[in-house]
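Two complexes come next, and they have one chain in common, subunit A, joined by subunit B in the first and subunit C in the second.
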Partner chain A sequence: MRLATEAVLYALVLVLAAIFVVPLVWGFFSSLREMHQGVSGPVIPKPAHWDNYRFAWSGQFAFTHYLWNTVVLTFIATVPAVLTSALAGYAFARIRARGRNTFFILMLGTTFIPFAITFIPFFWVIVKLNMYSTRWPWLIWGISGSAFLIFLFRQFYASFPTDLDDAAAMDGCGHLRTFLQIYLPNSGAPLVVAFIWLGTGWWGEYILAQLLLPDQLLPLGPKIAQGYYSAGQEITLVPVTLAAALLFTVPPVLAFLVLQKKLTRGIVTTGLKG
Partner chain B sequence: MGTVETPLVATAVKPVRRASRRRRETLAFYGFLSPWLFGFIALTSVPLVLGFAMSLSNLTPVNLHTNLQYVGSKNYVRAYHDHEMWYSMQRTAILMVTIVPLWIVTQLGLAMLLNAGIKFLGLWRTLFYVAVVVPVVAKAFIWKAITDQDGGLLNRILGALGGNSHANWLLDHSTATLIMLLLWGGAGTGMLIFLAGLKGIPEELYEVARVDGANAVRRFVSITLPLLTPVIMFQLVWGLVGAANVFVEPILLSPGLQSGLGSTVPTDNITFNIYALQRIFGDGDFGYGAAIAWIFVAFILVVTALVFLSGRFWVFQAKEQYGK
Partner chain C sequence: MANIELQTIVKTFPNGTRAVDGVDLTIEDGEFIVLVGPSGCGKTTLLRCIAGLEEVSDGAIVIGGRDVTDVDAKRRDIAMVFQNYALYPHMTVRKNIAFGLKVRGTPRAEIAKRIAETARLLGLEELMDRRPLALSGGQRQRVAMARAIARRPRVYLMDEPLSNLDAKLRVRVRADLARLHAQLGVTTVYVTHDQVEAMTLGQRAAVMNAGKIQQVDTPQALYWSPVNLFVAAFIGSPSMNLVEAHVADGSLRFAGFSLPLDELGADAAKLPQHVILGVRPEHFAEVEDGEAAAWSIEADVTVEENLGAEILVFFPIAAEPVETDDIVSIREGEEQEALLAQEARALFTARLPSGTRRFMGKKIRLALNPKRCYFFDPVTGESLVVRKAVDEPLPALA
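Now for the complex of A and B:
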């Protein structure tokens, strides 16, 4: 009886895991088909056209140029945001001041505001400030942080033992030093969650770059979304486009695989569960 | 004499010190918050107000200095009579009521499976989660390859089962395709959050229930579910807001070549956001687009407020006692 339950359990996990992984495997197989062939042909293409990856890398545009753009945008939008979010999270958790609760509710409220309503006027302001076609908006997004991450850090810091800051206060540490020397170095778990979530999000970002940047500055998301075409532009080279999309997927997946233990532990310890 | 003087001095000094300390705290608080406050003002507050002002005007990209006019509620009246706008709102609502329950059931189901004491937990967890970090552009191309009319995986499976092996998913079943993509790519994070919630339920509760003769279904209904209601509420609200804001996926899933801002998105996949953006960047009708966006804000606010209010009837309140 016990054995039967266990067998069912493992069968279920196996089937579900397969359902979740098959799309990626299918994408990979399809990236190895003959480039004009679409996705037809045998399930596992024979021979495998590995040269699709070479074409994706340099056949239509210099992949490395847009890869660099992606790295720069991800960096300037993610790194400052994680730090300023941690700072704000500390303030909401540890500093008593008038207006704290009001701003906390306002902060959570911003996550409910749909993209379209702020983007149009924002777009207009960006144009007026001559920041259209530049990377400045990414730095602005980076500096202003992310409400979701602020919430994450606040939850984490609120459950932080206070004896440490009492000791720090005795030593005459202000909030900034307490934060930098005690809280930040002990924030491994939420920092990993924050970097993974925000970093992979910005890495794959599509629409803002598409609307605000010229081709020269585009990250890989919108660049690959344009697709790869045959010499006469008449058909999309689906296998090559998939090859490019998978190359683009490698860095965030690697980052996740390296950090995944910490990510799960981070979600448990930050008390994100509501 | 000395014994009288000391407290006098102390009471004279203390309030001053406390006041300056409070001022320092306030200063520190707003100092720490200033990067976010800057963004809150520049990226949220000002655009919101400007957006509302735009919605009361006939602003286009070119008439700012020529014949910009205040038009009152004209844009809102126009929206009220705009069938396409109502259709896009209906499609958004349909998306919300389908994907959110699917998400929650999948996330909770996967989390419970992972919490049942299976081996290689890390491996399964990784396989279920990995789709989350795949960039949306790659997700869309992968699903285009799966739903491809000629030789896509889905049609191959349907064909093998004796069904229609030539279905045009991207055009005729665009919403189903979109939902499959969202379910695949959006379940992982919630699964981890549910898993954390499940780990927070003390094992003793289950043991006591087992001793009392409660079977697995009974234990799920009487222990797991009630204690997870705060997590379910969290996932429900985030899911609803996320589903309401679905925007990039339908554009990237549109059949044919990528052109402009989703001009080739099938009607059924034109969500509220896409409809508003099309009016703005497609038609250059800033005023009307802003009015539609504001109607959308009101819609989301009403929905989330109703969900929050409903919580008092079903969210288990004593979570502090059992949480973590």
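Now for the complex of A and C:
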């Protein structure tokens, strides 16, 4: 009976895994087709056209320029956001203040407001502040933090032994120093969760960049989505576009592989696991 | 170094709990004082108030002549050792010790000198580059002490620093602490619920209950001359035997026994009709067959514990256990640890010299020394007779 239950569970897991893996595998094989061929023909192309990757990297536009744009936008939107969220999480977990819980609930409530509602007012503010066609909005998003990450850090810090705060206070630390020198260095697991979660989100961000940035500041996502074309033709080179898309996913996948252990620990220690 | 004056300290938490209720206490410069009491008596809250980790609701704290009531913890020049050591897990032993000095802007050379001195004093030289996770409980405890000592503050506060150590190590570290205090001579306030620590470490001990100090005195005075039922029941291990008694026809009667009052001398006149009689376990003596004893009782021994040098015998008496509020507050913590439900009858303990004799299941006769018996008012709990410390060493404590 137990064996049968396990077999069913494994089968279910395999099906779910396949749903996520099959498109990637299909994309990989399709990226090796002849660049003008489209996606028709056998699943595994023969011969494999590895040239598509070289063309994606250096053929139609300066891949590295837009890759750098992606790095910059991801950095300025992620690093400040993780730090300010950790700081806010510390404050919600540790600083006794009137109305703390009410503010926390209000802050959490903002996660339920759909982006479509806030985007137009935000766009208007960006234009009024002369930040249209600049990277400043990304930095502002960064500094503003993330309600979900604040929740994550608050959960993690709430489980910290309060003796550490007391010891730091006796050693002469105020709240900021306690956060920076005691809490932050011991936040490896939630920091990894936060960087991966937010970083991958900004890495693949499409709509905001497409709407707010000029071509020279665009990140790779929207740039690749415009498609690769052969010289003088209006036909999209699907295998090359897929090759570029796969190249684009390499950095976040590498980050995940390197930080996988810490990520799992972070998910457990921050109480995100059900 | 500095003296500490606690002037009518009150601490009420936002939920209305009055953890500290008007404590007045002066701790002398260089003194080692122990705050002792059962769980929830307010001793740790009082310590945290002195540290500046809790704001007092009323009253004043003066350290070295300076009113620090509204001064931040970091500006009070106090170091604290915590129950769980509170070592910074990401720092090595060296960095843990140096951290407080660094934060206070101590010059590098001075920090290095103090680290070396403290490490030598506490035997930490080999452990300086390890992190707390790689240390044993005893080593962590020493690092926590080192962190406090390196700061060279005017006052040390210690919050049950031995409670996480095993029994054997606790005895050793207790002795080390006493030696360290003798060496450094810094004013020290030590909190514990363990009355053995209070008896062995403190030059004076303050016994607390329900946020109030019941008695402050030397450990010997607390043991021999408790001012009330709470102190009498709390100090001593095994604790004092207590039973309700009444005075009638020139006798003290309890549990079917009748003892002639004239043996008490002048103290007999101080006793009201109802009293609580207290007898320390070591104040029983076995009466041999044919021997006469004016004050003696029969005991059916149900349990014996042979401790080597002495033997503890337990026997029920035909009376209910004393259940005043004070006693209940002491027992509350203990009963959670008890294996069996409490008996309806009071269980007495006698400490007798050890030998080859077995007492278990036997009926013996035990004499009481009237001059070593304590009497308490059953309503107020106050001691009704004065007992001076006797000129003999304290009995060994468990």
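Basically, the second predicted complex is superposed on the first by the 252 of 274 C-alpha atoms of A that agree within 3 Å, B and C clash if a C-alpha of one lies under 4 Å from a C-alpha of the other, contacts with A are read in each partner's own complex, and residues count from 1 in each chain.
Just so it is clear, a contact is a pair of C-beta atoms (placed from the backbone, for glycine too) under 8 Å apart; a residue touches a chain by one contact, two chains touch by 3 or more.
These numbers were taken from a predicted model, which means no experiment stands behind them.
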Touching partner for A:173 - first (subunit B), second (subunit C), both, neither: second
Winner by number of subunit A residues touched, once subunit B and subunit C are compared: B
Touched partner set for A:185, first subunit B, second subunit C, both or neither: second
Partner chain(s) touched by A:114 [first = subunit B, second = subunit C, both, neither]: first
Touching partner for A:161 - first (subunit B), second (subunit C), both, neither: second
Touching partner for A:41 - first (subunit B), second (subunit C), both, neither: first
Contacts of A:59 with subunit B and subunit C, given as first, second, both or neither: neither
Set of subunit A residues, in rising order, touched by both subunit B and subunit C: 174
Subunit B contact footprint on subunit A (complex, rising order): 9-10, 12-13, 16-17, 20-24, 26-27, 30, 38-41, 43, 80, 84-85, 87-88, 90-92, 95-100, 103, 106-107, 110-122, 124-125, 140-141, 143-145, 150, 174-176, 179, 196-197, 200, 203-204, 206-207, 211, 220-222, 224-227, 236, 238, 241-242, 245-246, 248-249, 252-253, 255-257, 260-261, 263-264, 267-268, 271-274
Interface residues, subunit C side, partner subunit A - complex: 48, 51-53, 72-74, 78-80, 82-90, 99-100, 103-104, 147, 151
Residues of subunit A touching subunit C in the complex: 161, 163-164, 166-167, 169-174, 177, 181-182, 185-186
Complex contact set, residues of subunit B against subunit A: 25-26, 28-30, 32-33, 35-40, 42-44, 46-48, 50-51, 54, 110, 113-114, 116, 118, 122, 124-138, 140-146, 148, 150-153, 156, 184, 189, 192-197, 199-200, 230-231, 233-234, 241, 244-245, 247-248, 251-252, 257-258, 261, 272-273, 276-277, 280-281, 286, 289-290, 292-294, 296-297, 300-301, 304, 319, 323-324
